[in-house]
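Sharing a structure below in structure tokens format, with a few things to ask.
A, B, C and D label the chains in the order they appear, each numbered from 1.
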Amino acid sequence: MSLKKTVGLKTILTALLISFMSMLLLGVIMNAAYTHTSLGYDLLKINTISTQSANAVTSVVTYFRGLDTLGEVTILFLSIFGIGIGIERSDRMKTILGYDSTLLKIGTKVLFPLIVLFGLYIIAHGHLSPGGGFQGGVIIASGFLLMFLAYGDSYDLDHKVLSLFEALSGAGFILVGILAALAGGAFLGNMLPLGVLGKLFSSGILPIIYIFVGLKVAAEITVLVEYFIRTQDARDA
Amino acid sequence: MFNFEITALGNMFFGLTVLVFVSLFFVPNKHRSVTLYSLLFASLACIFYASDLITLFIGWEIMGWSSYFLIAKTADKQTLQKYIVFNIGGAFTLLGAIILIYGACGSFVYSELDFSAVPSGQVTAITILLLLTLFVKSGIMPFHYWVVDSYSQSNDLFSAVLSAIISKTGVFAFILIFFQIITVQYLQTPILEVVAWLGVLTSIIATFKAINEDEAKRLLAYSSIAQVGYIVTILSIMGSLSLEAALYHTVIHTFVKLLLFINVAAIIYVSKQHRFSTLGGLLYKYPLNFILLVVGIISLAGMPPLGGFSSKFLIYTALLEEHKGLLLAAVLFSSASAFLYCYKLVYGIYLGQPTNPKTEAYPRIPLRFYVPQILGAVILITLGTIPGVIVPMFNGILGSVGFEPVLYRGVFVLGSDFASFNGGVVIGAFGLIFVLILLFFVRLKNRSVKPKDRLDISYCGEVPRADVNLHYGYGMGRELSRIGLIKMILSRSSHALWQRVSTLFGDLSGITQKLYTLSAQNMGLVIFAFFTILLYMGVK
Amino acid sequence: MFIDLLIMLVMAYGFGFLYYGLYRNISARVHGRFGPSLAQSFYDSIKLFTKDTSTDFGWMFFAGPIIMASGAILTVLFIPYFNHGERLVGLSPYGNLIVVLYFMVLGPLGNALGVGSHGNPFGAMGITRGLTRLLGLEMPFYIAVVGLMIANESADIGTIMANQAETYNIIAHPLLFIAAFISFLGFLGKSPFDVVGAPQEVYSGPAVEFGGKFLALALSQSAIFSFAKLLLMVDLFLGGADSLWDLILKTFVLFVASVFVGNVYGRFTTAQSVDFLLKVPTVIAIVGLLFV
Amino acid sequence: MSLVYFIAIPILASFLTPFYKNYLRFVSVLVNILLAGFAAFFYSRLPLNEFISLDSPLSIIFILDYVSFFFVSLFIGVMLFFSLYSIKEKNNTAVFVVTNIFTSGALGLILSADIFNIYIFFEIASISAYILTGLNRDKVAYSGAIKYMIVGAVASIFLLLGIMLMYLNLGYLTLSSIGAGFHTMDKGIQYLVLLSLFIGFGIKTEILPLNFWVADIYQATPTKIAALFSAVLSKAYLFVFFHILYTLKVDAPALLFLTAIGLLSFAVAELSALRSKDVKRIFAYSTLGQLGVLFLALSSANVVVVSGALFLILVHSISKLMLFFSLDLVEKKMHSTRVEAFAGFRSAFLFTIFAIGFLSLLGIPPFAGFIAKLTILKGFASMGAYGIVGAILAISLVEATYFFRLLSANQRSKKTAEIKVPLLQKIMLSLLALAILYLGLFPQGLLDFCTDAAQTLIQGVIHV
């Protein structure tokens, strides 16, 4: 292939455009006078008073910006729903990853509960240590990925249960929020006692929300994984 | 939102509308749509009785689109497109003018509009916009492009409405706006000059186009354009007498066109033919219709004993009083040329030889066709005999728009100090002389022989064969195109101009449409490029 | 009053045929013939009225010539004969120049209706020619008349006449007169604008189916009409007549002028004549109008 | 009562789908009725603010003032109409799952006064839209959805850049605080922020050089869904953009620039529709054109013009619902949305609906579009901007040309199929038509409300 064909005029122009744009952008940003804000300190101060969470990120994610998290969960749900719609009708998906190996199957059987448990642990300790609902959920889903890889089409995922989890976890998130609002506070406000910093049962509503988030993420990612590596027939079986 | 006020001017136009609609109600019509006709009627009432510009505009637009749907039942796509583009365009210029007036005077209500503090440039802009609207509605060249096709292709009854009433809304608005609202002292004289000449040129050109037409309704459509052209010309003189002349001509033209369109409609109804080349020789088949048509064309041509002359006379007098000699000459020229198409109309349908072998089998014309025709004829004859009878009414209108009333000298006399005539004497003398000659003629002791059949004529000493076309209606007026000046008029058409505009927009549309099929990648590039350009401009 | 009207009518009839006879005589002399006697036209007219048979194509054919004759007579009755405004003013106080101008086309219209009704295409052809020519004729004539009306601030023929006590309009507005005179030739149906009647060569024209009393009426009206037009020209441009002799003199001069012009020039076709009329006299008239 | 219910309840309804899979359409109707009830409840309490987590500098504020109430009730109305209209259609659970979330996305965009939160709802609404575009599940639909997604992603990037720059420089996310602090920022950054916001929202509000993707997307989308895009989605973005702009108190030249862009996109869109051969595409172009008008009207910073624009938003939403839904019926019968197909159907009812919709869009009395157009023009006239008045009218003439071309095509062509409109659809469409007529004849109440709303919008969110 000639150079002209690989690097067309359009490509060159695009490259020029992008570099010129970056130059200008950098120019503006670098030249700007920039003032530090005290937001971080303020936030940490408030965190100790209002949430008692050891992980300030969790406070932000589930409490101060709980609504954003609800939005993110929704986006996750939507995206996977959309992928589902896109994949449903494409019948070209034939090649499926799968290793028919006994060793793998046995190993997976042992590992699967551990992975799930680990995921649950990460979720439950979201307000105490790094991690939380999103991370734990993905870990749980990775357990299912392992199962798909090991057992291929013979692994029978109970879709009813899965969708029940999916539905209930998402709904739970919202219902907790509404309950909080009904209990007198704001939506997703804190209605439970804050407890002591560092204990598992502390920080009020935060861990509950993270658990719902975690379950939701786990279910969604599992569905996503299944979409990507199993045919429609196998999924419907 | 809707504000109304009963005015003398409104009363007159609404009265005409009521008469026309009521008389048309009797006419049998295949495409009768009660909803649309009532909408149209309501919109006309809205226009004539509005007391603010918004109400006027609402009426104007409803009139526009209800007429559109009425025409849509019979006209072809191109005609409809022409109709709507011009009429909506006209309405939008009206809206533009209204908005400009609002910006200048801060109100829409007629009585609150005061132009004394408005810069003259703005008044000129308003004037031009309003004139465009009126030109479109009244079919002043070169905005007449929609008129002829719409008139000729709409159903026969609605053509009458279009010509008799709807073209008059332009006249009404002209009087309302330029005599009552903006008033003459704020108007620019050159603009009025241009308007006057546009009006008269329109009538000249339309007259020749009418002479060249082969289709009865198209001929009448062109004639309508020409007649409204006179009205616009005379209105632009902006005097008491000229306003009276315009009002008079409006009344006359309304009834003339009502009569003529329904007359032609009756013929089309019974014969299913609408071209002169396939009509002819119906005189003894439909004598009453023929007489009514003659009444109509005598009035249309503005010949003395009938009402048409009264209005023409006023027009001339008004022009003479203002010493508009050239303008008057042009009006006279157009007026004189009108005889030709008038004759063509009557000859093409009723006189000459029948061209259609089925002529004998044509059914009778239903009596209901005569209601509007007789109404028109009665009014035209009355206005010829006692032309002064409606002067008091006009004086009321003149007074209400702040003009001096013209002198009223009894029902028989019409005119001003410049010139006046006695309609009673004219029609009486004519009638008397006619009757005397008739008596003398009948008393002559000699016998007349009847021709054996229609072909028993002096035909170069031969007897023409039955299959030779002896009807001259089709070719009538053809030789006009041999005359240099007239040939020039006839060969020009605004078609090319508007076609070019249409093509231009079509091409532009094709280009912009291409833009909307960009792929996602290219779209992204466009976005980034746009961002970069703006960023560069901002940073610089 | 009625006596006046009757006198006017009879005078118009008499003078009309007299001048027609003169025209035939003069033309004959120009052609090197002797021509008929002066009274021949009267005899023709009377003879035709008493002709025994004529073809009658129906009531419109019957009414057409009557309307035509009525138009001509009306025209005469609305033009005052003398400029002192006492006798033979006819109906002119009830009308004016504009009315008269329109009466002048009423006749042709009646004619057209009558001719159209007999179904002979040659007749209709003649009518169309006539109407087309009218188009050309009216333009310069009307402009000239409009000029006069504006100059006199009145459309009343009597007033226009009265204003010429010092100078005739022919001197005050020569251009208008020239334009009007050229049209006037056409109105009289004289050469070079006589293609409508086309009496000799072409077997066509408005009168193609007219015979007997119809032709008689047509001829009579033509005679009356010719005199009316002469009268109008005299009134408008030559200051009207003071006395009967004045009237005869002025109309005769005008008439002779028209006859000579007519005998000098050949005939235009319809298109040519309209073209000529719309160019030369119209431009002259417009220039004249600008001077007013 | 909390404003969050407007967002939470539709999402909840979608999340719980597995429990009532085949009855979601009824649930959606109920949800929308419930939301309408909320809106009615809040009407007497306007204007109000709601803080979520009171004690944080990061707390999110929801604002329901006159203008956001206008949009909220409009969107709820549209969605209620949509769900009722489609209530007889089984097997379309997927649509309702997405449209519910779509509702909450749009409502969130309106209610939220926190720029990051706005970004979240921006994404929710956008992603729902991508999915809805692909719902036809054929090649055109998928390629449309992908195209939409790519362009949408670019928009998100720019929006995020703008938000990031503001947050970085000010440390706030609430609109009111940003509005107060915006002018203390570096000039260059200010410009960059505005520019990124303009590009981000400009793509979504479909204005000139950024809207070349739109026609294809509308064509790929199921016809009824296209109505939602036209009636809800673009309007939501439009509102947010101007909400932010007025809060940031941008200077006159910037607004003038937006006016020019709006006018240009109006002109180009209407021109493109002139020779288009596909009715759906024509409607898309018309939407673009109307958005151009709205853009130029909203950027005028004049109460009368903006109130006219708000009125126009309502009228345009109603008209486009009518038109797209009727077109859907035509499409079902004729299996095409080409002009030839449009010309061939016979149905007096649908023809009337189309005619009313067109006339209203053109701003022809006595329909509501006229009041909107008149108010806008009046406002411009009082500002002395006669050039804009003239341009709007001139371009509207182009619009009239193609709308009436469609009508005359249908009037004068050979009819190939008769469309029987089901009773429910007939009633629903007639309701819309009557609404247009009613608003055209008795606009005063709504106009007054629009004036209040316009004042609130121009004022921007004020720092408490």
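Everything that follows uses one rule, which is that a contact is a pair of C-beta atoms (placed from the backbone, for glycine too) under 8 Å apart; a residue touches a chain by one contact, two chains touch by 3 or more.
This is a predicted model, so every value here is computed, not measured.
Peer 1: A-D versus B-C: which interface comes out with more C-beta contact pairs?
Peer 2: B-C
Peer 1: Could you give the separation in Å between the centres of chain C and chain D, each centre being the mean of its C-alpha atoms?
Peer 2: Their C-alpha centroids are separated by 78 Å.
Peer 1: Taking the mean of the C-alpha atoms as each chain's centre, how many Å separate chain B from chain C?
Peer 2: Centre separation, chain B to chain C: 33 Å.
Peer 1: Chain A to chain C: how many Å between their CA centres?
Peer 2: Distance between chain centres: 107 Å.
Peer 1: Using the touch rule from the top of the page, what residues of chain A touch 2 or more other chains?
Peer 2: Correct list: 25, 28.
Peer 1: Where in chain B do residues touch two or more of the other chains?
Peer 2: 528, 531, 535, 539
Peer 1: Which of the chains are touching one another, listed as pairs?
Peer 2: A-B, A-D, B-C, B-D
Peer 1: Report the residues of chain C in contact with chain B in the complex, numbered from low to high.
Peer 2: For chain C paired with chain B, touching residues are 49-60, 62-63, 66-67, 69-70, 73-74, 77, 91, 94-99, 102-103, 105-106, 108-109, 112-113, 116-122, 124-125, 127-129, 131-132, 134-135, 138-139, 142-143, 146-147, 149-150, 153-156, 203, 208-209, 212-213, 217, 270-271, 274-275, 278-279, 285-286, 289, 292.
Peer 1: State the interface residues of chain B toward chain D in the complex, per the touch definition above.
Peer 2: Of all residues in chain B, those touching chain D are 1, 54, 57-58, 61-62, 64-65, 68-69, 72-73, 75-77, 80-81, 84-85, 88-89, 91-93, 95-96, 99-100, 102-103, 106, 125, 505-506, 508-510, 512-513, 515-521, 523-524, 526-528, 530-531, 534-535, 538-539.
Peer 1: Residue numbers of chain B touching chain C in their complex, please.
Peer 2: 281, 283-284, 287, 290, 294, 298, 301-305, 309, 312-313, 316-317, 320, 323, 325-326, 328-329, 332-333, 336-337, 339-340, 343, 346-347, 350-353, 415, 418-422, 425-426, 429-430, 433-434, 437-438, 441, 444, 446-451, 454, 456-460, 470-473, 476-477, 479-480, 482-486
Peer 1: Considering the complex alone, what residue numbers of chain A touch chain B?
Peer 2: Those residues of chain A that touch chain B are 10, 14, 17-18, 20-21, 24-25, 27-28.
Peer 1: Chain A touches which residues of chain D in the complex?
Peer 2: Touch list, chain D to chain A: 2, 4-5, 7-8, 11-12, 14-19, 50-60, 94, 97-98, 101, 104, 108, 116-117, 120-121, 123-124, 127-128, 130-131, 134-135, 137, 142, 145, 165, 168-172, 185-186, 188-189, 191-192.
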